[in-house]
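Letters A, B, C and D mark the chains as written, and numbering starts fresh at 1 in each.
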Amino acid sequence: MQDKCGIVGIYSHNTSENISYSLYYGLYALQHRGQESAGISLHNGQRMKTYQGMGLVCDVFNNGNLDKLKGNVGIGHVRYSTTGKSLLENSQPFYSEFQGGSIAIAHNGDIINSHELREELKAQGHHIRSSTDSEVICHMLSREYIKNQDMIQCIQEVSQKLIGSYSLVVLVNNDLYVVRDPVGLKPLALGEKGDIKMVASETVAFDVIGAQLIRDVEPGEIILLNNKTYSYKMKNVHNMPRAHCMFEYVYFARPDSYIDGRNVYQVRLNIGQELYKQFPAEADVVMPIPDSAITAAIGYSRSSGLPYGEGLIKNRYIGRTFIMPTQGEREASVKLKMNPIKSELEGKRIVLVDDSIVRGTTSRALIDVLKETGVEEIHLRIGCPPIISPCYYGVAMATKKELIAANNTLNDIHKILGVDSLGYLSLDSLVKCIGIGQDRLCTGCFNEEYPTTLPKDLVYQA
Amino acid sequence: MQDKCGIVGIYSHNTSENISYSLYYGLYALQHRGQESAGISLHNGQRMKTYQGMGLVCDVFNNGNLDKLKGNVGIGHVRYSTTGKSLLENSQPFYSEFQGGSIAIAHNGDIINSHELREELKAQGHHIRSSTDSEVICHMLSREYIKNQDMIQCIQEVSQKLIGSYSLVVLVNNDLYVVRDPVGLKPLALGEKGDIKMVASETVAFDVIGAQLIRDVEPGEIILLNNKTYSYKMKNVHNMPRAHCMFEYVYFARPDSYIDGRNVYQVRLNIGQELYKQFPAEADVVMPIPDSAITAAIGYSRSSGLPYGEGLIKNRYIGRTFIMPTQGEREASVKLKMNPIKSELEGKRIVLVDDSIVRGTTSRALIDVLKETGVEEIHLRIGCPPIISPCYYGVAMATKKELIAANNTLNDIHKILGVDSLGYLSLDSLVKCIGIGQDRLCTGCFNEEYPTTLPKDLVYQA
Amino acid sequence: MQDKCGIVGIYSHNTSENISYSLYYGLYALQHRGQESAGISLHNGQRMKTYQGMGLVCDVFNNGNLDKLKGNVGIGHVRYSTTGKSLLENSQPFYSEFQGGSIAIAHNGDIINSHELREELKAQGHHIRSSTDSEVICHMLSREYIKNQDMIQCIQEVSQKLIGSYSLVVLVNNDLYVVRDPVGLKPLALGEKGDIKMVASETVAFDVIGAQLIRDVEPGEIILLNNKTYSYKMKNVHNMPRAHCMFEYVYFARPDSYIDGRNVYQVRLNIGQELYKQFPAEADVVMPIPDSAITAAIGYSRSSGLPYGEGLIKNRYIGRTFIMPTQGEREASVKLKMNPIKSELEGKRIVLVDDSIVRGTTSRALIDVLKETGVEEIHLRIGCPPIISPCYYGVAMATKKELIAANNTLNDIHKILGVDSLGYLSLDSLVKCIGIGQDRLCTGCFNEEYPTTLPKDLVYQA
Amino acid sequence: MQDKCGIVGIYSHNTSENISYSLYYGLYALQHRGQESAGISLHNGQRMKTYQGMGLVCDVFNNGNLDKLKGNVGIGHVRYSTTGKSLLENSQPFYSEFQGGSIAIAHNGDIINSHELREELKAQGHHIRSSTDSEVICHMLSREYIKNQDMIQCIQEVSQKLIGSYSLVVLVNNDLYVVRDPVGLKPLALGEKGDIKMVASETVAFDVIGAQLIRDVEPGEIILLNNKTYSYKMKNVHNMPRAHCMFEYVYFARPDSYIDGRNVYQVRLNIGQELYKQFPAEADVVMPIPDSAITAAIGYSRSSGLPYGEGLIKNRYIGRTFIMPTQGEREASVKLKMNPIKSELEGKRIVLVDDSIVRGTTSRALIDVLKETGVEEIHLRIGCPPIISPCYYGVAMATKKELIAANNTLNDIHKILGVDSLGYLSLDSLVKCIGIGQDRLCTGCFNEEYPTTLPKDLVYQA
């Protein structure tokens, strides 16, 4: 399960300040949101420069290319591709020239109707090179601009046509436009530090440069950062439900981030606590499947009074080019990633906490490894409800056919996984743990209630 | 002085034939027309693939990437950038998706009004990413296509708007369109071999795969290669003068090429012969400045009966990354490229043949080196008239300010270069040597009579 | 603080089995012991091949080069350089030809008298290319071999001259020799799986391929793996104290490893427990400095009943080329690596557990960050005694001048770090936690009692 | 046919001068002697640094690595491998530490008894890593040094044991030793420029930095360049025949070089002249097979009065990674390298001049191409006698079995090649053309009279 991207934008009122290194550190803090490619676009008052590359932020950028990217305003992007088309041409920001000058766009989210929009653009005589939503949006903005030279107006018009999730930073010459879709699916926060105004997918990007969180960007808000900070509301914002992605809290975001007012670590502690309340267990130790379930396991341990332990050690060095075993040794393959600690597990009854179950295949392989290590009882606790439907807003899960909970009863899942007890956090409890209100959360993958219309011909592509 | 590009296109009637290696060898034969980047686009009946890279053909392509590029129809391109923007994003073919499917374009030439066309496209809501004419043409074709789904018609319409030189290969799905501008500035020839039809900037690309020249593509001709070979005439072709670039014969093309019916080697022999007739000299030996003037020097030697010699040895290993001396040692710098042979030069009276003089700086440095080596007399013979005006059609020369013959009399040039006699081939003689007729040659750089209109705000960019 | 290397060796009795991928996975499991370079040497019965490269195991090796490295016997190495000479020529295995055929050597440890041995070799007419101990040992073995064609005898003789720590795998043609120094400073374990016999620095290398631990290689043992498994005792082994490195348990080794019979995770749990017994604290939460102190913090939490928490989130993406801030912002620099979670820290009294303190500079910066985040009280607990002297056996710590505990009283350290209480685990307790007996552990860095002689002119190089 | 290497050494009396760029330009001028790898070792009075890489001089070196290689004394090497083992570890200079300090060695030539010397070294307890003679010589010097701390004496002793060809530059700390084998097989010249003394395989390396030739290094001479220039004679120099390699004049060396007092261009003019005298022909044009036979063809043209022409155009862009056609199309394969010019060839009787014939396969393919182009008569003239025996001194030719002239009569060769007449220059004439005296030339490949003993078990490896 992977989110698609992290974005960051910085504007310094000190026009002689070079913010390229701040963008670099900001992207580095968002690295968990995308490890496939990284890119930065900067404007220095005269012209825009972009540098992109495949790989980690620390591999793509070095003093050489960062020193050439000078400017007081810019945007950055880290990308994880869900389509397998891991190509440089799909890396972001997408940049171009248009009637209004230079433009660069970085996007986190997924435009559901992008296929229609692409066909529409082609039917209007445009050609399209990449498979990114950023290029589609760039075409639409360019097209809009010739009718109306006001970029805010252009963004307004384009937004009316976009269905899906989009947190955007758009650099138009040395103006930085910040856009969050009216539903607010993807996170986006506004911070500051001295002369600098900054936006980022997660607040951890503020921390690394010492910036302070001001507030979240509002769903349906367009912010213009230049000599001043301007805020606009999208036209349709009142008609739309708010629906923040629950999985940011459950899985994606770093625990040290604050998302839409809630600290992720605290939410996960709550999840552990609620899991205990709903599904207590007699056991010797509480253990997470690392890393995403660590905080929830701590929460369970605290509530239950059961000791916390780390019986699975995660190898942190799996890179893009790691060769996984191709042969049938499922056990060895699991142990390359997570190795059990016999002394902590043998003869023990364990509460095993995971954030979620998608296909169930990894869970099952891990459970087999734990049993072979000598675990006596496994009480599996899941920090969210059963996933019964795909995400259409940028979370790469699986097709409905592959989702274990879409095709099996809880009883069946219990048996398939071979655990002694199984508890999924209820949707109500999850909402309570997050503390925002179900009317403001996207619960599509749990109950198929999606906050936007879905095109009829929509096919989920894993 | 550099031309900008070489192009090649191949269509095999045998749809199971893979022509990627033939494109590779074709580009290799055209390597002298561009060493900065190379690229190939192929269509295999199902989909189009493109591979590009910076550097020589033999560095960009290997068995690995060529084997992945399978198809029976495709185009290739080698590029030399005249702007200093030596970027991967400017490499060709330019490829994209549009309403008609997939498209890839490779271009040799220079669209004089590209700035206007770009502004026009932007004013119509398009954005433009690269600085290539190919992208501009791709936009125009996409735009035209929505009015008129006939690609031939689209090319017709777009051609009416293009001013300048363009030899194009355009791959639209698995149809190969071949276009030569109505003036015929850049060369383009049609060949065949078995199931294969082939076009290329120079006939040497045919030789390396054993194809035979059929004929030159006509100025103002559009050829469609698919299951059959179709030929169309551009609408305005009768109103336009024909004007083949003289410098292809004088300098750019390989001597083993046939361009618009004339063998380059033969033309250069004629040039040497005419130079002797116009400017005989009492001398001990006739020598070229290698490599481009070798054939003309042979011609001079044959006519004059003076012995031919090679008193300057060219080092053939200067790559893209060679570090030239930065210090003031002009002589050493010259000798890195061309080293004099004392035994052939000392005490001798030489006829020194060069193809042309642009700025005059290299000539002067070489002449100094020759004198220091002990040459007694230097009779400089130039294979074309004085260059008094820039080329706007894709030959990177220099600005008017830098052209030695635009700013000095022949007498002054004689003195500046410090030679004992100086002879420039007259325009009439050059025309005679080429053997095509002045009404069919572009002589703009010699007499400022350009075959197309020139935009008023045209600024020559070296 | 860094150890220098990890080693692995594999012999398969099935001579047609290719063990290159097993070596790859083994090295991958040992990646935490060295991220600078990786290498593998294999023998296939006919000849030896070696492949090495800079970087992580998953970056150096791919299907391409692994498939070319075929053989049923081989060795592997991951390296971390402590000297700053991060050069390919220092990567291991060191391989060569000698009178006995082909040889390759991989080494974990540090030969204290290598400078003398080098000078001795030079004085005997040898030249030495790299700065590795492996090359020195290879010279010594080659030299010994001409007197005595028995490799076991050669290793015996060479061992008498080596002072320091050395766990070695030596591939001589298709015989695999395994050597552990008589003191047993560095770990080395023997495992098996089907036809395979395997040795590795840590048992986690067995787990990833499904091999089982047989036993540790004995200090002073030489094992020969070929058609059978032979074991030999070094001559001087009875005169030497056993002295396993304590820091393997405290810091280096993965918690899931078993080293000299003891599970690292269990030792660290014990350390946490003992820390609580010796230094209880009234606090709201127990937290580790991740990752190495996690298990000890869990132990402290379990004993004390205080809740476990993870108030510092470690960024896991710092690569070799990451650009650290050069300016004075110490806080920002710390937060790039570890970011505090306000909700877990603000207003809290925390027990902060770390494995050790070397210079004290990082600890102090982290403590400042925690205070600025609003921590009310910090009770620092250290999982080992004060480090008062450098390690000469391959642990890169610091010079004596830099060690905070070598130059300050406990009281001073308490003040310098600015914590509310400070507790270092006593040496007796640490010995008890490890459970091996002080007479079998190296405690040099805590009490300057080193298990081997130290050359007079020994200079510690950080 | 390929020579193995080019070497250069520079000492500047101005100890603050950095000669790294001069070495770079020197190597660049010698690039024709080896395109596989390049390397430079420099000493700056304090320590020695070496940088090496695979590929052309201009690819291996850049401002970055050259600026780090500072020093007033150094050596450089370009390598062509004849063995197929194109490995970085075989690139030169070979550098190491030994009792006398730092040493780096660059070698042009071939040590015939290197196999014996290697076995001897192994039997003395040395291990050997690379397959270069430089490493063997380094071992021998290190070994000698412990008996005798005088490097001149060491070189003397080692020279007595070396059989074969060796022009060496040896950097020992900041002393530069220059050695030429007593037979003088490989060229080596001494030059100067201001504070600089310089040696190089060919004088063209002097020209590019503006240095002047002083004299050739004498066969059997050892020169020490440091604060002064010292010259020593090898002990056995009087017993040895002088035997300069004829092929330097015929083929390898650049025409602008002076080798052992003779200008290569002039020698080749003589060869052409002699070929005409011995083998006149009635023909329309004289043509070389480019590039090595150009000068000889000019000589033939001058003597005969027949016009000179260049009917074959050589493609100059074949790089290391060029993919040659694998299929049977011999003609296409030839034309990738050399393309015929129909207008110059059709219906013509030509004198075709080549420098030599080794296997005859390339000649035959070219002759076929020429005939298919319409050449009426081909009179082939070869600038040296028939090659009947391999070279053991560093020229990669072929095995005796492959040499066309070792296995066929002249009549047969005439028929196999399918030419109208065939003339090989006689050995006497070649000697006369070179102008040195047969007693001072190596004629082994023409008459099997080799200037050194040949080991019995010597196997020629192509």
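Keep in mind that, in the parts below, a contact is a pair of C-beta atoms (placed from the backbone, for glycine too) under 8 Å apart; a residue touches a chain by one contact, two chains touch by 3 or more.
These numbers come from a predicted model, not from an experiment.
Considering the contact criterion stated above, no chain is in touch with subunit A and with subunit B alike.
In whole angstrom, the spacing between the mean C-alpha positions of subunit C and subunit D is 50.
With centres defined as mean CA coordinates, subunit D is found 62 Å away from subunit A. One simple way to say how far apart two chains are is to compare their mean CA positions; for subunit A and subunit C this gives 36 Å. Listed for subunit A are no residues, as none touches two or more other chains. If each chain is drawn as a node and touching chains are joined, the picture is one closed loop, every chain linked to exactly two others.
Contact between chains, using the touch rule, shows up for A-B, A-C, B-D, C-D. Residues of subunit C touching subunit A in their complex: 21, 24-25, 28-29, 31-32, 35, 56-59, 61-63, 66, 204, 207-210, 254-256, 263, 265-266, 294-295, 298, 301-302, 307-310, 313, 315-323, 325, 329, 331-332, 335-336, 339-344.
On the subunit D side of its complex with subunit C, the touching residues are 95-99, 103, 122-129, 138-139, 142-146.
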